[in-house]
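The structure's right below; bear with me while I get my questions together.
Each chain carries a letter (A, B, C, D, E and F) given by its place in the written order, and its residues are counted from 1.
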Amino acid sequence: MRQVWWNGKLIPESEARISIYDSALMFGDMVFEMTRSFNKLQFKLKEHLERLKQSIKYVRIPLEMTVDELRAACYEVIDANDPEFEPDDEHRLMINVTRGLLSTYKDVDIPKGPNVIISDFPLRWTTAGMGKLFDTGINCVIPSQRAIPASLLEPKVKSRSRMHYLMANIEVAQHKGENNWALMLDPDGFITEGPGYNFFIIKDGVPITPHERNALRGISQRYIYELCIGIVSRANIAPYDIYEADEAFVTATPFCMLPVTSLNGIAIGDGKPGSMYSEILKYWSKQVGVDIKAQIQTWDRGGNVGASTYSFK
Amino acid sequence: MRQVWWNGKLIPESEARISIYDSALMFGDMVFEMTRSFNKLQFKLKEHLERLKQSIKYVRIPLEMTVDELRAACYEVIDANDPEFEPDDEHRLMINVTRGLLSTYKDVDIPKGPNVIISDFPLRWTTAGMGKLFDTGINCVIPSQRAIPASLLEPKVKSRSRMHYLMANIEVAQHKGENNWALMLDPDGFITEGPGYNFFIIKDGVPITPHERNALRGISQRYIYELCIGIVSRANIAPYDIYEADEAFVTATPFCMLPVTSLNGIAIGDGKPGSMYSEILKYWSKQVGVDIKAQIQTWDRGGNVGASTYSFK
Amino acid sequence: MRQVWWNGKLIPESEARISIYDSALMFGDMVFEMTRSFNKLQFKLKEHLERLKQSIKYVRIPLEMTVDELRAACYEVIDANDPEFEPDDEHRLMINVTRGLLSTYKDVDIPKGPNVIISDFPLRWTTAGMGKLFDTGINCVIPSQRAIPASLLEPKVKSRSRMHYLMANIEVAQHKGENNWALMLDPDGFITEGPGYNFFIIKDGVPITPHERNALRGISQRYIYELCIGIVSRANIAPYDIYEADEAFVTATPFCMLPVTSLNGIAIGDGKPGSMYSEILKYWSKQVGVDIKAQIQTWDRGGNVGASTYSFK
Amino acid sequence: MRQVWWNGKLIPESEARISIYDSALMFGDMVFEMTRSFNKLQFKLKEHLERLKQSIKYVRIPLEMTVDELRAACYEVIDANDPEFEPDDEHRLMINVTRGLLSTYKDVDIPKGPNVIISDFPLRWTTAGMGKLFDTGINCVIPSQRAIPASLLEPKVKSRSRMHYLMANIEVAQHKGENNWALMLDPDGFITEGPGYNFFIIKDGVPITPHERNALRGISQRYIYELCIGIVSRANIAPYDIYEADEAFVTATPFCMLPVTSLNGIAIGDGKPGSMYSEILKYWSKQVGVDIKAQIQTWDRGGNVGASTYSFK
Amino acid sequence: MRQVWWNGKLIPESEARISIYDSALMFGDMVFEMTRSFNKLQFKLKEHLERLKQSIKYVRIPLEMTVDELRAACYEVIDANDPEFEPDDEHRLMINVTRGLLSTYKDVDIPKGPNVIISDFPLRWTTAGMGKLFDTGINCVIPSQRAIPASLLEPKVKSRSRMHYLMANIEVAQHKGENNWALMLDPDGFITEGPGYNFFIIKDGVPITPHERNALRGISQRYIYELCIGIVSRANIAPYDIYEADEAFVTATPFCMLPVTSLNGIAIGDGKPGSMYSEILKYWSKQVGVDIKAQIQTWDRGGNVGASTYSFK
Amino acid sequence: MRQVWWNGKLIPESEARISIYDSALMFGDMVFEMTRSFNKLQFKLKEHLERLKQSIKYVRIPLEMTVDELRAACYEVIDANDPEFEPDDEHRLMINVTRGLLSTYKDVDIPKGPNVIISDFPLRWTTAGMGKLFDTGINCVIPSQRAIPASLLEPKVKSRSRMHYLMANIEVAQHKGENNWALMLDPDGFITEGPGYNFFIIKDGVPITPHERNALRGISQRYIYELCIGIVSRANIAPYDIYEADEAFVTATPFCMLPVTSLNGIAIGDGKPGSMYSEILKYWSKQVGVDIKAQIQTWDRGGNVGASTYSFK
């Protein structure tokens, strides 16, 4: 059975449960990161853990662990679980940090102090059903629910106080058609992010992503800079710009990049996954030695992918 | 040991823990109510449960339980725990409803579907240290953190996605002096509520509480209407109005009413608990047969209060 | 053939066309009213014309006609067209006022100065397909498109510069299900109106309609005051309030009142047309001597309604 | 007599009239472009038509015509009308696209479906009285009327739902002095555009125009980039910046560029048309083979300009 | 020569000067009141001084003087100056309170601590030229300059930090026509106040003045409640409401009430001072024993008014 | 005794007092500049005077003096005062410009017209107590008071209408700890400036300062560009960015640069003055021939600094 790292101990996954008296369940007071591996090697783990430290600092959880200690814990849980995984599985980590039991409830028979909880599960859980989207593309839908601006709730802090993300998802599920994913506007009418992914358009050969104001600073988003040698720009993106764009895509850790082929049902470009999108995805795949699209599609077909399916000439 | 009601079963309090894969811990996607008893009789339980049903409806958790079933569950847990309580304890219930395990994690060995979790603990936990405030009053402090307006996150839905409440509390803890409680403005500069309590001023004999826009509709707040036979008004309250008020107080379930004697360190009225405040509190105590202030102060002194301390001539 | 009144002359309906050089087609610079009859008698015509005069005044169209002259023109066109109408038809008037040819285009061979254009057509055109809604109710849907607040474009001026109404309608047409009608929020998140109708909830026996800020002052809306002897209130209405309401309905000149039975797919009350709604509609029908619901449903069935179908015991 | 192209037919200009039942006259639901020629050659016609296609796409008018077909139609009407024009006239096209008759009015005896209407008239109509402004400059005045931000009504869509432009013009006409042109702020207090023109300042040799947020993307505005080999920047421009600027000017298709010599009556720079402005205008004139200023001033004097008045050494 | 009361001493008016190192001249950090007499009797002096105390409290000037002591000082200066006044003069007091010398400048040879400065001058200075407005009425003009909302700068605190009032006045002076007075909107587009006066409309016999949000709580404004036995209401007033009103007027201490006969040049009601306005003014005159209008008009003509010009039958 | 330059005359400092009837004391209607010397040589005096002229232009004070005349006046007062100064003193000038006596008060025995008032005092007055901050750094605190955005009150105009700056200072004085300086957010949640200083972070070797929107354009701020050869960027800076920064500092004329070592009590970088900060300060010191830090610290110790304490190898 899969194990979860909890404050230095490994416990069974089904025991990874947080007391209802923990601040996490009182205020959504938990910060977290979620990672993935390529060929079982964690990708950008240091960047994830540094962002986690920023979140911890911002919300003032008094946790002493360093990035190195957190990293060691991550590898401990991976090592423990790997035998349980399929050979072609990738490790998806969820690293949660809570402030711990509220002092009001100090008489409850539960340990005090912050909790660091690292769980590890197959990435294919998260990507289930996404395989076809690499071919069809996503239809982004702008819900009535607006993103909460950073002045009120900082989205750059990756916290669990994000009911509005779920409300956006629920709203978009009311729309006709398939493959609808929410894309949220801030109150000024600019694109921020989806609930769990960053957004890009490509116009005249340049990937453009929203200003850093009201969205998480995605690690996949930032990796696009690396892949494109910095030829990426930031802008206030309004729906008009998307309709006028040549291509669009979203980025997130589990699927890396998925094409967006329409907005509110109106085709972007020719309504198909864009060629520059495909080039970047291929280059990403090459960098990490995994055919990202093929891996996810194979999982969706229930098939097995070898650890080295992706080779470039 | 205290028991917790969980989907129909009673489990030990220390086992009342929610899986990290539950939607509650992904999005703050849990709605709740917290109640209290007077002389061991639950107060306004029906109103609390009806508000809970509204929260459930708003966030679309597919829960079938009726208000009557919820009420029965509440009494079941009270009956189970009462022998563990001191004779002078009051029962504070925390009723949590989660959407349950996210479908992504369906392979985790955890039951699926919504969870209803009712815990029951001594009210004195919550009121610890508040006894003296009935005499000194609170100094409300307006933090830089603004309330999130209802258009972005509905505060009338009592959810756990409220990191900004905690941030307000942390900020106010940086202020000099004692007895500082946060009082939040909305982005328009009007008083909304504190993190967990409603706010009133009294001006020319009339209690005034903020418009219903950007605050929870407090059950204690509404009870003030009953106690004052409806002579309560709603207004946009700005800090200027508080400085000009004769008295001020806050309301919440555990302590009912506490006086606010200053705002940002500037005295309200004569800087002492107001006489009308005291009258209403006395009347409330009489209605429920418990001297609210004496009970909490006795608990704070570690003393015992009999079940019938409060008698009116 | 139906005739249209144009600056004092009657012309064929198909000739009621406005030059592309008219300010109306440059800026949406046309104000208007639309009325209806009951048993061929115009309803609240004076109120409509007075509101039209306010619109004209606000946008500063230099028109000299008085309300009485406008009324005379209305009756002139009705008299001319009545022989063309079915016996059970009602007269729907559309009264448009444009500023006229922009001076830039003074050399175009078109008359100068404001145009008053009154057309008259069967009300059944407008109500086509609405009959069933009296029984099923409407599902109001809140689109991402927000109402433009009065500080930027005054909705109390009934002008033709309202592309955002159409955008809201188009957006709502993307939603699943049937009978979806747009209900717009202002940027503060409060209900304003639909594109062409006002909105009410009923809570504890009191009809409540939004504050007068960001919506047209509907003549049907105001008539609800008369029918309810003033027991109507104004409030900031948020979606939460609608979910909590007992009933809801919309008002507009052609259909008078239609029940709203859900919001964004969530049932309001028991999800059926409300009893108070039905009472008010019956009372309205009685006042005007026409069974409003039966008339529209009969038209939808292609049947004929006599002029005196509605009698009260 | 001038002809207008209407869905493939040429009709007399005075017959270019749109039914009052067309969506254009219900909602301001018409998108358009206006062009001009230099020496009878259309300028940037392709760019205008591509922008028109974007407007059509955004508002979802189901029009099938391609840019090439639209262009062919433009030339057809020019060819038909040229004999009616003076030898020194330029062709100003107005290309309107409406959604067509609303389905409610399907029984009116009028064709259904979108309408493409291309009219063609002498540019001198539009520029009448502007000749002197090349020498005196414009006094821009900031009215109380704010621009509607793109989040509520997208100004990059060139639609006819723009009553607020007219309201701004009317308001500015109440100001003392002459040559007052409206310059609109958005609700954040930044310059957007005038009703029909874009705005530039020049500071330290660099033309600066507002960020792309809340203004039409002007084709003349973009041409300044070409003329200045890209040395143009975008900024949030507040009135303070204009008072501090060295020069200012506005751009629009009919007059290309006009100097702005004061804002709200306060001189910009030395209060005279700027030297860099003059250089750019000269360069523009050279590029198109027409002395833009001389042409418009000659028309204003009632004189005739030859087709080749402008030659550069 | 007129004397000024300065921290307990009387000094010549020309010496009533505040050091450039006083906080008043660093931050506009001075609060004040201005009063008037009727027949040499101060009107509502207590209300003015109580409001002054609120201002002092809000900005935290550590002044010990009580309302009674302030009142005594007022009468001291009046008594000293009265022999210098004309028999028909009224005493206008200006009561300024500064925080005093900033501690940075403690070495400047100037007394430390708060300053209370009470000057006293003929009311006719302030009302000069206003006489005719009782007959012509004012044309209120809405400038582009918006009122600063209370959340940013509390207008209920009567401070000298009000450059934006002056900017509004300057802007309105650019408008055509005469008798233009600024009337400011808040950023939401609602009427607040003029720079120094409150605003009322009358609709269907009820005086209506803006909600208390973003305007000074005028003492004359409040006196209208007394004169109208409370039949006054509060509302969000937009320009549309003014155009629709029957009458309008402004209130302020020096002139009490002046009619507003147009807004932005558009007539309100019949464009003449309203009858209800005149009734209220007459009643006010009767209450205070001074024909308010006649007194100011007589001063404007350079004539003398006796102390008892106003008698009612 | 120190002299003050007043409209061409030198008067004793204690006589530099402004009439209570001056517009400066009615509306905060005074614009100003404050400068300093290095080794008795004025620094960037021309830039200060040009900015002053922009302020004068913006608020429309009809002053005729040129920058050269203003500069001559500055030197006149410096020459007059220098003998009164310590040898190691620096000259701090305060240049105030008022609109002058309001016309209402024209009968007061005071000169009319604008006033130019230049005072000159030892810089050590202003820097008193700041010496230690070069070593400890400042703790910036974000108050609830927001900066007034430029659309309502232009902060680039250096006026005396800035009560909100003082309110921010007062609020921050309520915080625990020492060395707390206010740092204001605009209503969008972005850093603007402190009351009298600009703000910078350093991230990856690049100094970053807020966009020019809602803050004074500081002359010291701009000098950082010179010192860093333009390697400075502008950004929307939110608190999150500060927590993530490597260093932070503030700039203002008297102290040039002070390190910011924490925000709201959370350490920035390692919580000590940053190394790049120190480098820039050293470079600045070298450019002006004064060891800025040593000079201020010496003054604080009551010691004397020679005019040439700072020499570079």
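Everything that follows uses one rule, which is that a contact is a pair of C-beta atoms (placed from the backbone, for glycine too) under 8 Å apart; a residue touches a chain by one contact, two chains touch by 3 or more.
In this text the structure is predicted, and so the values were computed from the model without any measurement.
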A correct list of chains touching both chain A and chain B reads C, F
Interface of copies chain A and chain D: same or different residues on the two sides (over or under half shared)? different
From the listed A-B, A-C or B-E, the one duplicating C-E with over half its contact pairs the same is B-E
Expressed in whole Å, how far the mean CA point of chain A lies from that of chain F is 45
The distance between the C-alpha centres of chain A and chain E, rounded to whole Å, is 59
Rounded to the nearest Å, the gap separating the Cα centres of chain B and chain F is 47
Per the C-alpha centroid definition, the whole-Å distance linking chain E and chain F comes out as 34
Residues in chain F with touches to at least two other chains are numbered 60, 151-152, 185, 187
Pairs of chains in contact here are A-B, A-C, A-D, A-F, B-C, B-E, B-F, C-D, C-E, D-E, D-F, E-F
Per the touch rule above, chain F residues touching chain D in the complex are 54, 57-58, 60, 149-152, 154, 156-157, 211-213
The answer for chain B against chain F in the complex is residues 141-144, 171, 174-177, 185, 187, 264-265
Counting only contacts in the complex, chain D reaches chain F at residues 185, 187-190, 236, 238-240, 243-244, 266
Note: in the complex, chain C contacts chain D through residues 1, 4, 13-14, 16-21, 23-30, 59-60, 94, 96, 104-105, 107-110, 117, 119, 121, 125-126, 128, 146, 148, 151-153, 159-167, 170, 187
